[in-house]
C-alpha cells in the first residue's frame, strides 16, 4: 500500500514536470508580455531591456529551469500584470473557484446519481425517457451558450439572480466565502448550474448504464430470489456496485470541473483562478500561467490518488488483491 | 428461404434490412427521427456548394450593407432578401450554417477518427501484447486522463500556432482543432478496446489461430478487432457529438475556426454577441442547428448502445 | 390429502418476438412433494431454467406466463401481485444459481447478506438474525462460521461459496428450493459434496427441491424423480430409477446413451444426431421427430400429447419399451 | 501584511453589508455608483503603468497638477495656474494650490511635486517617455515649481495631465520611493496602497474583482464639484454580454465599453441611458511599404505595397460608410487622416479626403500592374478596439472587390502588437490615441523612421530624412505658427504617400442609469467628482 502510494507520487512528479515542460514551450507562442507591460510610448530600447530583465531572451528550457528552481523554494515569482506574488494572487482567487466547483460538483454528483438511478430503475417509463432526452440537451450545447442564455433569462428578463460576480463575500481566516450571505448564495446559482449541468449529465448517464449492467447481475437475481425488497435491491445491492466504476470517472469529471470553470468564470465574471488564467493568457502573464497549470496538475494528480484510495475503500476485493499482490 | 434473397445482389441488402439492428431501428421512432435529422444535416453540409444560395467563404461576394438583415425581410439599404437573414458581415445565415456545418462535421469526424485510430491501435496493443507495452500505454492514458481536455486543446493550439508558418495559419486552425480534440479523446477508446481484447484473446478461436501460426498482427486484425467494434462504434458516436461541442467551446476561448471561415461554434460565438440587441437569428439558427445535430447524434448513440448490447434488450 | 409442495399445471411461458411468439415452456405439468428432489434435465434451451424462473416469479421480460397454474402447497401463486410474490420468495421458496461467485454481492459480507434476508422474512432482532446466520452457515458445513461471517464472498473458495449460497437460500426456512445448475460451475470433487449437502438438507428439513441440471450424473446421484424436457415440453417424467434404466422417450434414451455415467455398460457413447430445433422454428408434429430414429408420419404430423404427473411417462406416440418395436404399425 | 489585508476586506464587507441592509439588493443607494468596465487597473502605483484603466482609477484617488475635464479641456487641479517664464522659454512656472491635504492628513507642497516628477522620470517608471524633455524640476518656495526643459516645450502642460502627485513623506516612510518594478522581486507598498489628494479614498481592492472607494470629505474641491457620488464600487467585467446584462438587470449603474450592438437595447430600457461622444482614438490599417518583399503575399521578388498607387487603391476600396452603418451601428466617424479631430494639426479637409471608388481603385491597380490583384495577410487584434475583428473582416470583403485576396489572422493584442514593433507584419490594424492632443505625438511614433527613440510603432517601413528632420524640429519650435506650418507639411506627405489607410475615429459609448449625469470624456476616463446623481 505504502509502496503503491510512493509509486503514484513519483509518477505524479513526472507528470508535473512534463506538464511544466509543455507549458513553458507554449508560453513563447502566447505572445510577448513585454508589449503589454510597457505603454504606448515605449521605445525599442525599453523592450530589449525589459526582455532581458525578465529573462525572456533565454531559451524556454532555461526559463523553465529557472522557474523550477524558484518553485522548489516556494517562490512562483511576481505576476507581470499585477506586480504581486503569484502565490498570494492564486490563494486569493482559489476560494472562489473551489466553492463554485464544490457546489457544481455536489449538484453534478447528487443530481447525476439520483437521476441515473431513477432512469435505470424506471428504464421503460416515460418520465425516465424524457429525462434521458432532456439531459442530452445539456451536452448538446456549448457551456458558454448555456451560461449566456441563463443570464439572459434569469438576470435580464426575470431579474431574479445576479449575472456576474460572487455577491458579498465574508472573509474567514483568509478564505473568502460566498456561502454566508444571501447575495453570495444567489450569485452562486447560475454559475453552478452552468458548470455542473454538463458533468451532471455525464454522471447521470454513466450511473444509468452501470446500474443497468449491475441490475442484470446474478447477485441481483439472487437477491430477488431471496425476496428482498426492490428498495433494498436497488439501493443496497445495485447502487453500491454501481458506484465502484462510477467513482473513477466521477473523480476525473469533478477534476475537469475546475478546468471547465475557465469558461463559466469568464461568462459570469466569477473571480476565481479560471478567470485569472484567462486574464493571464491575454496579458501573457507567464508566472501566473505557469503556476496555474502546475496547480491544476497537482490537483488532478491528487484527485486521481484520492479516487484510487476510494476505490480501495469501497471494493473489498481490491484490498486483498493489492496487499497480497506484492505491488 | 426464397430464391430472391439468395441472389447476391439482394441478399446482402435484405439481410441488412432484416438484421436485428435494422429491426430495432425500425422499432425505435427516436432513432429514426434522429437518423433522419443527422442525414439531412450531413447531406446539407456535403452539398453546401450546391444548396447554399451564397458562398460565405468568398469575401468578394459579400456586401457589408446587407448586414443584420432579418430573416425573410428585405434589407433596408439593398432590398435583398435572405431566408434566415444575414449576420454582422452581411453573410447569408443559411449559407453560413451549411458551410459552417461542413467545418464542424469535418473537425468532428476527423477528430473522432484520429482518436479512434489511436485508441483502438494502442488498446489492441496493450491488451494483446501486454507486459511493458501495456504498462506504458495505460500509464500514458492515465496521464492524459489527469489533464483536462480543454487545457490540452489550448496547449496544443498554442504550440501549433507558434510552429506553423504564418502562410498556413489560416488552414491550420482546423487541423489543430482536430489534433487537439482527437488527442484528448483517444483514451476511452483505448480502455474499452484493451478490456475487450483481454477477454477475447483467451477465447478458443484466438488460441486456435495462434496455434496454426497466424501472425500477431493478423490475429489482432482479423479476429479480435471485429469483436471489439461494437463498443467502439458506440463510443465513436457519442464522441462525435462531444467533438462538435468541444469545437464550439474552444472557439469561445478564441482557439476555434477563424471568423472568415466560421464553423458552427464560431457562428454561435459571434451570434451570442447579438443576443441582447434583437438580432436573434444570428445566434438562434446556428445554435438550433448545432443542438439538432449534437442531440440527434447523441440519441443515435444511445439507441446504438442499447441495440448493440443484446443483454439490454 | 396432503398437497404437494409445488404443483405445476399446464404451465405455458411465452416470449413475444418480432418473429412471432415463442413458447420456451409449453404445457408443462409436474408435482414435487415434501422431502422430494425432482431432477429437471434437458439440453440448454430446453426450458428447464425458464420453468424454474416462472415458478419463483423471476421471469425476465418480455417472457410471461400466459396460461397454466402454479400451486404452492395447494395455493395458486401464478396470479399473485409482484409484492405478494416477493414475500413468498426466500420465505417459502428459495433459489440457488449456477455460479456461486456471481450469485453473491461482492461488496457485502456474507453475514450482511444473510441477516438482511433473515430480517426481511422473519421478525427477529439483529442479534438473533446474526445467530441464525451463523447457524445457517454451520448447517451447510462452513467451518468456524462465527468467525467467517464477516468475510467477503471472494474470501471463500468455490465450493464454500456455493455452500454460502445454499445457506442464503435456506436461511428463511423455505419449503421449496429451486436449484438451477448448482454444481455446474464447481470442481467435480466439490460437486459431490454439494449434492450430498442438498440431499441431506432435503431429507432433514423435508424441503422439496427442484434440481435443474443438464447433467444426468447429478440426476442419477440426487434426484428421486426426473423430468426430461425437450424444446419447452416435458418429454418424460417418472421415478429416476425407471427413467434411467428403461427410458420410454427416444430422446431420454438418446440422452442416457450420450452420458458417460448412465451408459457404463455400453462400449461407446452414442450421439443424438442433429441438434434441438430453435423455438421459433419447431417442426409441426413431435418436436423431436426430425432427430428421432423411430419417427413415423404420425409423429411428424401431430403434436404429442402433453403428459401429466401420473398419467403416462413419456410424451411420445411410440414410446420405447421392452416390446416397443412391435407397436410399429402401418 | 496578510492580516492587514484581511482586516481591510472585512471592514469593507461590513460597510457594504450595512449599506445593503439599508437599501436592499438591487436598488442602489442614491449616492453609490456601481461601475463596470472591461478591464481593471493594473496597479495602484500611479507611475508604474501608462495605461487607460490604470489612470482612470488613479484619477479618483490621486491628482495631477492639471486635469482634463469631462469635455477634454484643461482645468486647474493641484496647480492653480501655469505659464512659461517670460524671460526663459525653457522654463514653465506652476503655482500650486494651497491648503490641499493628502488622505492621511499631510500637506501638499512643492516638495511633493519635485518628488513625484522625479519619481515619474526614474528608471522603472512607465511615464518617463512623457517627461523626456524635462531637464530639472525645482521648488520655488512651498507653492511654486519650475520645470526646466531641454529646449522650449510648448506642449508641456498636456504631458502632465496623467502625472499624479504623491506625498514624499508617505512614500519615504513606506519604502515606496522607487516605482514598482515588475521584475523587482518584491511588490512595493504603493502598488497596493494609496495616499492621494483626490476626491475619493480607497476602501478596499481586490485586483480584477472589486475596488471600493468612498468620498474624501476633506477634499479641497468639495464645494467646487458636484461630488454627488459618495461611494464607488468598481467591478471589471470582461465578457461584453455579461457587462451589458449587469446594466440591464440593474446590478451596476454605469458601464464603459458598451458594445455598439447593444446601445439600442440599453437606451430603450426604462431607467437606462446611453451617452456618446467622439473618442480621442483613430483606427487605421498600416501597410509595410518598406520591405523588399512581403512575407505572406503571393507576389515574388517585389512588394506590391511599395507602390503608392496600390496603397491608394486599397484605401479607395474601403467603404467607410458601410463600416460605420453596419459594423459600428453608426457609432464611428469615418476618417481621412490618422489624427483624431481633437488634435492640433487635424483639418476637416484632410479628414474628409477618403473616397470610396471601386472602379477607380481597380484602374489604379491595373495601372500599377496588379490588374489580377494579389494575396496578402492582414494581422488584426481581436480584443483591443471596438469591433476590431469585424472591421478587419469587412475590410477583407471590400479589398476582395479589387482583387486583393486577404487572409485574415485575428489574434489577442498580446500577440498582435509585437508583430508591429518587430517588423513581422505586412498589413495590420492599429488604433492610436493622442493624449497630448498634438500631431507631434503621432509623427514621433507612427511617421518618423524607426529608430531607437522614435518611430517605435511605425511598422510601414516608411523613411524620409526630410520628414524626420521636420518631426524632430517640432519638439523645440516655439513659434506656434511656424510649428503648425511644419505640421501641415508633414501631414501632406503622410496623405500623399497614403502611409496608412484611415478607417474611422472611434466613438465612446457609456451606458448608465438615468439618475447618473455626466458628459462622456474623449479619453474614456470618467472622473466621478464631476458626476451628478439624481
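Should a chain be cited, it is by its letter among A, B, C and D, assigned in written order, with residues numbered from 1 in that chain.
The definition used in the following text is that a residue touches a chain if its C-beta (ideal position, glycine included) is under 8 Å from a C-beta of that chain, and two chains touch if they have at least 3 such contacts.
Quantities reported herein were computed from a predicted structural model and do not represent experimental measurements.
J.: Would you mind naming the chains that touch chain A and likewise touch chain B?
T.: Joint contacts, listed by label: D.
J.: From chain C, how many touching-chain steps at minimum until you land on chain D?
T.: Minimum step count, chain C to chain D: 2.
J.: Any idea which two chains share the most contacting C-beta pairs?
T.: Looking at every pair of chains, the most contacts join A-D.
J.: Measure off the straight-line distance from the CA centroid of chain A to the CA centroid of chain C, and report it in whole Å.
T.: For chain A versus chain C, the centre distance works out to 54 Å.
J.: What whole-Å value do you get for the distance between chain A and chain D if each is reduced to the mean of its CA atoms?
T.: Roughly 38 Å, centre to centre.
J.: Starting from the mean Cα coordinates of chain B and chain D, work out the distance between those two points in Å.
T.: 45
J.: Going by the contact rule already set, what residues in chain A reach two or more other chains?
T.: In chain A, residues 30, 148, 152, 156, 278 touch at least two other chains, as defined above.
J.: Among the residues of chain C, which are close enough to touch at least two other chains?
T.: Residues of chain C never touch two or more of the other chains.
J.: Among the residues of chain B, which ones contact at least 2 other chains?
T.: Counting only residues that touch two or more other chains, chain B contributes 272, 275-276.
J.: Specify the contact topology among the chains shown, as one of line, ring, star, complete or other.
T.: Other.
J.: Report the complete set of touching chain pairs.
T.: A-B, A-C, A-D, B-D
J.: Spell out the residues on chain B that touch chain A in their complex, using ranges where they run on.
T.: 30, 139, 142-143, 145-151, 155, 158-159, 161-163, 241-242, 245, 248-249, 252-253, 265, 268-269, 272, 275-276, 287, 290-291, 293-295, 298-299, 302, 305, 311-312
J.: With touch defined as at the start, can you tell me which chain D residues reach chain B in the complex?
T.: 240-241, 244-245, 248, 259, 261-262, 264-265, 295-296, 319, 322-323, 325-327, 377, 382, 389-390, 393-394, 396-401, 406-410, 412
J.: What part of chain A is in contact with chain B in the complex they form?
T.: Residues in contact with chain B: 11, 15, 18-19, 22-23, 25-26, 28-30, 132-133, 136-137, 139-145, 148, 152, 156, 209, 212, 216, 252, 255-256, 258-260, 262-263, 278, 293, 296-297, 300-301, 304.
J.: Which residues of chain A touch chain D in the complex?
T.: 30-45, 47, 50, 53-54, 78, 80-85, 89, 92, 148, 151-152, 155-156, 159, 162-165, 168-171, 173-174, 176, 181-183, 266-269, 271, 275-276, 278-279, 281-284
J.: Write out the stretch or stretches of chain C touching chain A in their complex.
T.: Listed in rising order, the residues of chain C that touch chain A are 56, 58, 86-91, 94-95, 97-99, 102-108, 116-117, 120-121, 152, 154-155, 165, 168-169, 172.
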